[in-house]
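Common to both upcoming complexes is chain A, partnered first by chain B, then by chain C.
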Partner chain A sequence: MIQGALAGLASGGLYATIAVCLTVMSRLARVVNFAQVAVGMFGAFSSVWLAGPGVPMWLATVIGILVGATLSGIVGLVIATWLAEADVAVRSGVTVAALLVLIALSFILFGTKPLPFTPIFRGAAFTVGTVVISQITVVLVIVAVAVAVAARLVLTRTLLGLRLRALSERPITAELLGIRSRPLSVGVWIVSGIVTTFVVEIVAPSQSNDAVALSMTVVPAAAAALLGAFRRLDLAVVGGLVLGMLDGALAQLQGLALLRYFLPFLVIVGLLLWLQRGEVWDVAR
Partner chain B sequence: MKIKAAAVATATTGLLILAGCSATGGSGSGGGSGGDTSPIVVGSVNALSGPATFPEASQAAKAVFDQVNKDGGIDGRKIQYQILDDKADPATAAAAAREIVESDNAVALVGSASLIDCQVNGQYYQQAGILSIQGTGVDQDCFQNPNISAVNVGPYGDTTMTLTYGSQVLGLKKICALVEITGNTGPAYKAAIAAWSQSTGKHLVLEDDTVPYGASDYTPYIVKAKEAGCDAVYSNAVEPDGIGQLKAAAAQGWNDVTFLYLTSVYSEQFATAAAQVGKGVYVPAEFAPYTNANSAKNADWLKLMTADKIPLTSFAQGGYLAATYFVQVLKSIKGDITRDSVTKALHDMTPISNPMVGTPWTFGTADTHNSNRAGWPIKLLSGTGKWQLAAVDWFKLNN
Partner chain C sequence: MSPADRRVSPTRYGVPLLVAVVGLAAGWGLSVGLPDYYVFLGTSVIVAAISLLGLGVVTGSAGMMALCQLSFAVIGAWVTSELNLVKAPGNGILWMVAGAIAAGIVGLLVGLPALRLRGVNLAVVTLGFAAAVGLAVNQYQFPGTAIGVQVFRPQPFFTDRSFFLLSVIVMVIAAVIVYALQVSRVGSGWRAVAFSERGTASAGASVRTTKLSAFAVSAALGGLSGGLVTLQVGFASASTFAPLQSLALYVLAIVNGSYLVDMAVFGGILWVAVPEILKRLGIPQDWSLVVFGVLGVQALTSRTNLGEIVRAAARRRSEVVVLEPAALDDEVPDPTPDAPVLIVQGLGVRFGNVAALDGVDLTLRAGEIIGLIGPNGAGKSTMIDALSGFLPGHTGTITLDGRDLARVSPARRARLGLRRTFQQDRVPPSLTVEAYVRFVARRRVPRPELIDLLSFLGCPAPGTRLAAVDVGTRRLVEVAAQLASRPRVLLLDEPAAGLSHEEHLALGERLARIPIRYGASVILIEHDLDLVRGVCRRILVLDFGKVLADGDRDAVLSDKAVLAAYMGETELL
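This part shows the complex of A and B:
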C-alpha cells in the first residue's frame, strides 16, 4: 500500500502544481480554467514538433512556453473582453470550449501518434523501499510549493497583488477607480500559461504523451483545488499530493482498483457537499 | 386561407418526399442491370474520431480502389467507396451502417476499422444479407459473426500469440498481465489468456484487468508488477498507454523486464518515442513487418501507401489487404455485380494467399471467421528506436 502511495506521487506532483494554478486563476481571473493543462500540452507538443527538424532543445522549449503563454493569453483576452461582467460559471464554460478546441487542434496539427519527447529532467532522485521517486516528481513538488508561495507573496505584499485582488472581487468598481482591467487580466492568463507549459514540458516526457490524457489531468487537479475551496493555496498543494497517493494506493488493491476511476468524482462530490454543509439547501440555491 | 396553407404544405412535403425517393432510387439502381457503368458502391464504418482512431485502414482501401478505377475499374464500372465515421458512438455507428446498406445500397463493406461496428451492426448485416471484410477487426464480435471476416488476427488471437511466443520461445517464466478493458471485451481477453494457459500449461503470476485506458501515468501498475517479481509484462495497451507504461518502468529503473505487446503498438512513431524499454518489446506483427526495408512481401503495399502519403501502420496493411482480396473476388464474378452475387462469391471463394500474411484468407460459409492465425515476431530494443525482425518466419497458432 505504501509502495502504491509513493508510486502515486508521480501524478500527485502534477496534480498539486495544476491545482495551485487553478486556485490562483480562480482568485484572480474569477474562472475555473479547464483549459489549464490543455494550453500547456499544446505548448509542449509544439516544442517537440519544432525539435524534430533540428531546432535545439532549449530553444524549442522556450518557444513552446511562448506558444502556451500566447494561447492562454488569447483565451484570457476573449473572456476579459466579452465576458468581463459574466459570472464564474459562464466564464468557466468558455474554458471548456477552449479545452476541446485545443485537443482537436493538437490531433490535427501533431497527429494521433506518440511524439518523441526529450526529457528535461531524467533519472531517479531517491529510492524509498522498492519504489523509485524520480527527479521529475521532486521538481514538480518543489514547483507547486514555489508557485503557491510566490502567488501568496504577490497577492498580499505587492501593489500589483492588491490591484489584482480588487479586480477580481469588484471588477466594475476597480475599473471606475482607474485600475486597467483588461491588461491585468490578460497578464494573469499569460503568466498562468507560462507556468503550466513549463510544468507540462517537465512532466510530459515521463507520461503517455497523449493529448487527451494530459489535458484531462485538469479534472483530478480541480478535485484537489476544491479541497482548498479554490481559495487556499496550501490546501491545493496538499490535496494534489494526497489525491495522487490515494490513486496509487488504490491501484494496488485488486478489489478496490475500480474505485480509482471514480476517485476524483467522489472527492469532488464529497467536498462540495462538505463545503455546503452549513447551508439551508433551498436557501443556498 | 388556412385550407390553402395546408394544401401548399402538403404539396411541398409530397414534392420533397418524391425528390428524396428518386435520389435514393437513383443510387439504388446502381447494382442493377448488367453492362451498365454505374458505380459499384462499397462502404466502411470507421473510428475516425473518438477515444481511439483508425483512419489508415479505410484510407488504404480507398487507395487500392482508386488504383483499380484508374486502371479501368471492374468491367468498366468504377468502385465508389464510402468512408463513414462512427465517432465511437453506437447510435452513429448504427446510422452509418443503415446509410451504407439502405441509402447507398452497397454491395459489401470493405476495410472497416472500428471499436464498435461489429457488435453494434453485426446482426443488422445478417438481416440485410451483406458481408463485411473488416480492414481491422477490433472487437470480439468481428470474429464471431457469420457475416464478418476480418483480415487481421485480432487482439484476442494476438494476445494468445504474444503470450505463447513469450513463454515458449523467449522462455519467460513469470508473466504479469496489465489488461485495459473497454466495453465488454473482458471475457474475450480472459478467454485468450485461458487459451494460452491451456496450450502451454503455464499461468500468469498477476492479472490486473482494471488498468485505466488513456491515463497519463501508469507508475502504480508498473510498481505492482515489479513487486510481484515478474520478468515480463503483457499488455493490450494502445500506443500512448504503451509509452506510458514503458516510461513508468524506465523511471522505476526496471531494466530486466520484457514487454509483450500487441500489433496495436507497431508503428515507427512508437519506436522513436520509446527510449528505454527494459530487455525489449516483443510484438507478433499481424502482417509482414513493413519496417523491414528489404521485404519484397510488402513492396506493392509500400509503393501505394507512399504514393498516397498514408501513414505506414498495420491498419493500413489491413485496409489494403481487405480491398485487395475484395477486388480479386469481384474480378471472379461472372455476370452482374450486386450484393447477392458478391455475397455468393465470397461464400464460394477459394482461399487467397498473399505474401503479406502467414495464412490464406477466405470468407466461406462458416459461423465464425478467423483466417489469419499467424504473426511475424518483431522486437524493439532499448536505445535503438527502430523495430527489428525477431524471427525468420511466421509464428503460427496451432489451434
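This part shows the complex of A and C:
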C-alpha cells in the first residue's frame, strides 16, 4: 500500500502542477480549461516526433514546449477575442472543442499508438526503507510546489499580478484604467501552456502515454483544483499529491480497480457538493 | 380574430404526426431501395441521431453541459449484452428498452449533483464520469465479448435492411415522444430552467424534477442508442463509446442545435457522412473530429447554431403583433374588504448583521390591492422573496388561507396560489408567449380565455417568440401568465418598469381590475406614486425594514413621517 502510494506520487506531482495551472486559469482567464493537458500532450508528442529523425533531445524538448505554448495561446486568443464578456461556461465550452481538435490532430499526425518517449529523468533518486523514489517523482513534486509558489508570488507581490487580478475580476473597469486585456490574457494562456508541456514532457515516459489517456489527466487535476475551490493554490497542490497517492495505493489492490477509475469522479462530486452546498438557487436574487 | 391569432392555430400535433408517418414511409423506402452498404451506414446515422436527440434535451433545452452521452450508451449496450448472455426472456428489442430504462436511472443518479451544480461545474462532473466509464469499459469489456457470444437481432429484423427499418421505427417513436415533451409543460420547464431557476420555481415547477427529468430522458435515449448499435453490430465494443466520441457528439449537438428534432437527424447524417466522405477522398477520418471541433468553436463564439440559423432564414420577418387592449367599460367597484387571505406576522429577515426586514405585520384581504412602497433598500423586494419562499431562514409566520407556509418550497407556494413576478427579467426568451403562459398557468387555459387575458394587458399575440419582445412587454406577459394560473395572491414587483408614462397609467387601469376579474388579491411594489395612488386604496410603507405606515392611501401619503422618509425632508408632495 505505502509503496503504491509513494509510486503514485509521480502522478500526484503531475496532477498538482496541472491543478495549479487550472486554478490560475480559472482565476485569471475565467475558464475551466479542459484542453489544459491536451496542449501539453501535443507539445510533448511534437518533441518525440522531432527527436525521431535525430534532432537533439534538448532542442526537440524546447520546440515541443514552444508548440504547446503556441497552441495554448491560440485557444486563449480565440476566447479573448470573441468571448471577452461571455460567461465561464461558454468560454470553457471552447476548450472542450479544443480538447477534441487537439486529440484528433494528434491521432492524425502522430498515430494512435503510445509513442517511444526518451525519459529526461530516469532512475532512482533515493530509497526510503524498501521503497524506491524515482527521480521523476522528486522533480515533479518540486515543480508542483515551485509553480504554485511562483504563481502566488507573481499574483500577490507584483504589479503584473495586480493587473491580472483586476483584469479577471473587473474586466471593463480594468480596461478603462488602461490595462490592455488581450495581450495580458493571451500571455496567461501561453505561460500555462509552457508549464503544462514541460511537466507532460517529464512525466510522459513513465505514464500510459497515448493522446487520450494523457489529455484526460485533466480530470483528476480538476478534482485536485476543486479541493482549493479553483482559488487556493496550496490546496490544489495538496489535492493533486493526495489524489496521486490514493490512486497509487488503490492500484495495488486488485479488487478495487473499479473504485480507482471512479475515484476522481467521486472526489469531484463530493467536493463540488460540499463547496456548493449553499448554492440552492442559480442567482443570489 | 386578427390574422395573428389564426396564424398560430394549434397544429401542435397534427403536422408532427404527419412528419412521423412520412418519416416511416421514407424509412421503408430507403430500406428497400438503398444499396447494402448504405443501409448499414443509414442504421449508424439513426443510432447517432437518437443519441443527439437525447443530448439536445439536456444541453440544448435545459442548458446543462453534459459531456458523457456515450457513457449512458455504454449502460444500454451493457444491459443488452448481459441480457443476451444470460438468455433473458424476450428478445433484442425488449433488452434494448430495458437498457434504455437502466440508462435513464443512471442518468437520474448522475443528474443528482446537477441540483446544486451548474454550468462548468457540471461539465467537470460529467467529463469525470465519462473518463471513469471509459476506463472501466476498457478494463472489463462487455458481457460475452471475451468468449465471443454474439447478440443476435430479433426476428423479423434479422437482415440489415429490415434492421434499418426497425431503427427508423425506434427513432420515429423516440422523436415523437421527445417532440411531445418539448412542446408540453415539461419541455417549457426545461427551457425555463435553462434561463432562470427562480423563475421556474415561481411558476410552480419543481427545479429538481425539471432538471432530473431532462437528465433521465437524455440518458434513456443514450442508452437506447447503445442497445441499438449493439444489435446492429452484433456485439458492443469499448471503442464505439470512447469518451472522445462523447465530446464530439456534445460539440456536434451545439453546432447544429439538436434540441430540434430535424437537426438531431441532420446531426446523425453529419456524424456518419463526414468521416465517410473523408474516407472516400483518402483523408484520415479523424479529420472529421477536427471539423466538428472547429465548427463547435464557431458556434460557441457566434452564439447560435445551424438549426436556429435555418429557422431564422425561413421565418418571415416577424414583426411583433400586440393585441389591441380590450376596452374597459366596467367600473371598478368599491372593494368590500373580505376575509383575510394572506396573514403575515412578525416577518423578519437578516443578512448577516443587517436587518432587511424587522417585525413586519400585514393582512391582505380577498379582493384587496395593497401598494407596497418605500425608498430603495427599504426591504420591499426582500419581503416578496420571503413571502414567495426564497428566504426560508426568515422569522415570523406567513399563512395563506389559514395554512402555515413555514418550510413550504417556492414551487409549492406557487401551486397553492401564492404567485409573484420579478423585478429582473425572468421570462425565458426561447419560448413563445403561448407556451410560457401555459407553462406558468399549470392548468388547461381555453384559447378564448388566453386571447382575452393577453389582450386585457395589451400583450403580444400568442405565437410571438418572447425573444422578439422588449423587456417591458415581457413583464406584462409575465403578469398575464401568473394571472392565468388563477392565483389567490399575486405579488407584483415593479411590473411597470420599462414602460412609458402613458403605458403606466393604462396598466394601472387594468391592475385595478385584477381582483374583480380574476379573483386575486394583489400586493404591488411600484415607484410611480401616480400609479400606486390610482390602483391602491391601501398603502403600506416600508423604511429600513420596518413598517412606517399602513392604511388608507390618502392618510398614508400625507403622513409626515412617510413624506420625510420617502421624499426627503425638504421636498413636498
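To be clear about the criterion, the second predicted complex is superposed on the first by the 272 of 285 C-alpha atoms of A that agree within 3 Å, B and C clash if a C-alpha of one lies under 4 Å from a C-alpha of the other, contacts with A are read in each partner's own complex, and residues count from 1 in each chain.
Heads up, the rule we're going with is that contacts are C-beta pairs under 8 Å (C-beta built on N, C-alpha and C of every residue); 3 or more make two chains touch, one makes a residue touch a chain.
Here the structure is a predicted model, which means the values were calculated and not measured.
S.K.: Putting chain B and chain C onto chain A via the overlay, clash or fit?
M.R.: Aligned through their shared chain, the two binders clash on chain A.
S.K.: On the A-aligned overlay, A:F117 touches which partner chain: chain B = first, chain C = second, or both, or neither?
M.R.: The first partner, chain B, only.
S.K.: Taking the superposition as given, does A:W58 touch the first partner, chain B, the second, chain C, both, or neither?
M.R.: It touches nothing on chain B or chain C.
S.K.: One more residue to check, A:V212. First (chain B), second (chain C), both or neither?
M.R.: both
S.K.: With both complexes overlaid on chain A, does A:R277 touch chain B (first), chain C (second), both or neither?
M.R.: A:R277 sits against chain C, while chain B stays out of touch.
S.K.: Of the two partner chains, chain B (first) and chain C (second), which one does A:A7 touch, if any: first, second, both, or neither?
M.R.: first
S.K.: On the A-aligned overlay, A:Y261 touches which partner chain: chain B = first, chain C = second, or both, or neither?
M.R.: Both partners, chain B and chain C.
S.K.: For the superposed three-chain model, which listed region of chain C (8-16, 134-142 or 206-214) is the one that clashes with chain B?
M.R.: Clashes with chain B appear only in stretch 134-142.
S.K.: Just to be sure I follow: which residues of chain A are touched by chain B in one complex and then by chain C in the other one?
M.R.: On chain A, the residues that contact chain B in one structure and chain C in the other are 212, 216, 257-258, 261.
S.K.: Using the touch definition up top, name the residues of chain C that touch chain A in the complex.
M.R.: Of all residues in chain C, those touching chain A are 65, 67, 113, 116-121, 123-125, 127-129, 131-132, 134-136, 139-140, 196-198, 242-244, 247-248, 250-251, 254, 284, 286-290, 292-294, 296-297, 300-303, 381, 385, 390, 424.
S.K.: Which residues of chain B touch chain A in the complex?
M.R.: Touch list, chain B to chain A: 51, 53, 208, 210, 212, 214-224, 226-227, 239-241, 243-244, 247-248, 251-253, 267, 269-270, 272-274, 311.
S.K.: Which residues, counting only chain A, touch chain C once they are in their complex?
M.R.: 32, 34, 78, 82-83, 87-90, 92-94, 96-101, 103-105, 107-108, 212, 216, 218-219, 222-223, 226, 257-258, 261-262, 264-265, 268-269, 272-273, 276-277, 279-283, 285
S.K.: In the complex of these two chains, what residues of chain A are touching chain B?
M.R.: It comes out as residues 3-4, 7-8, 10-11, 14, 111-117, 124, 130-132, 134, 136, 205-210, 212-214, 216-217, 247-249, 251-252, 254, 257-258, 260-261.
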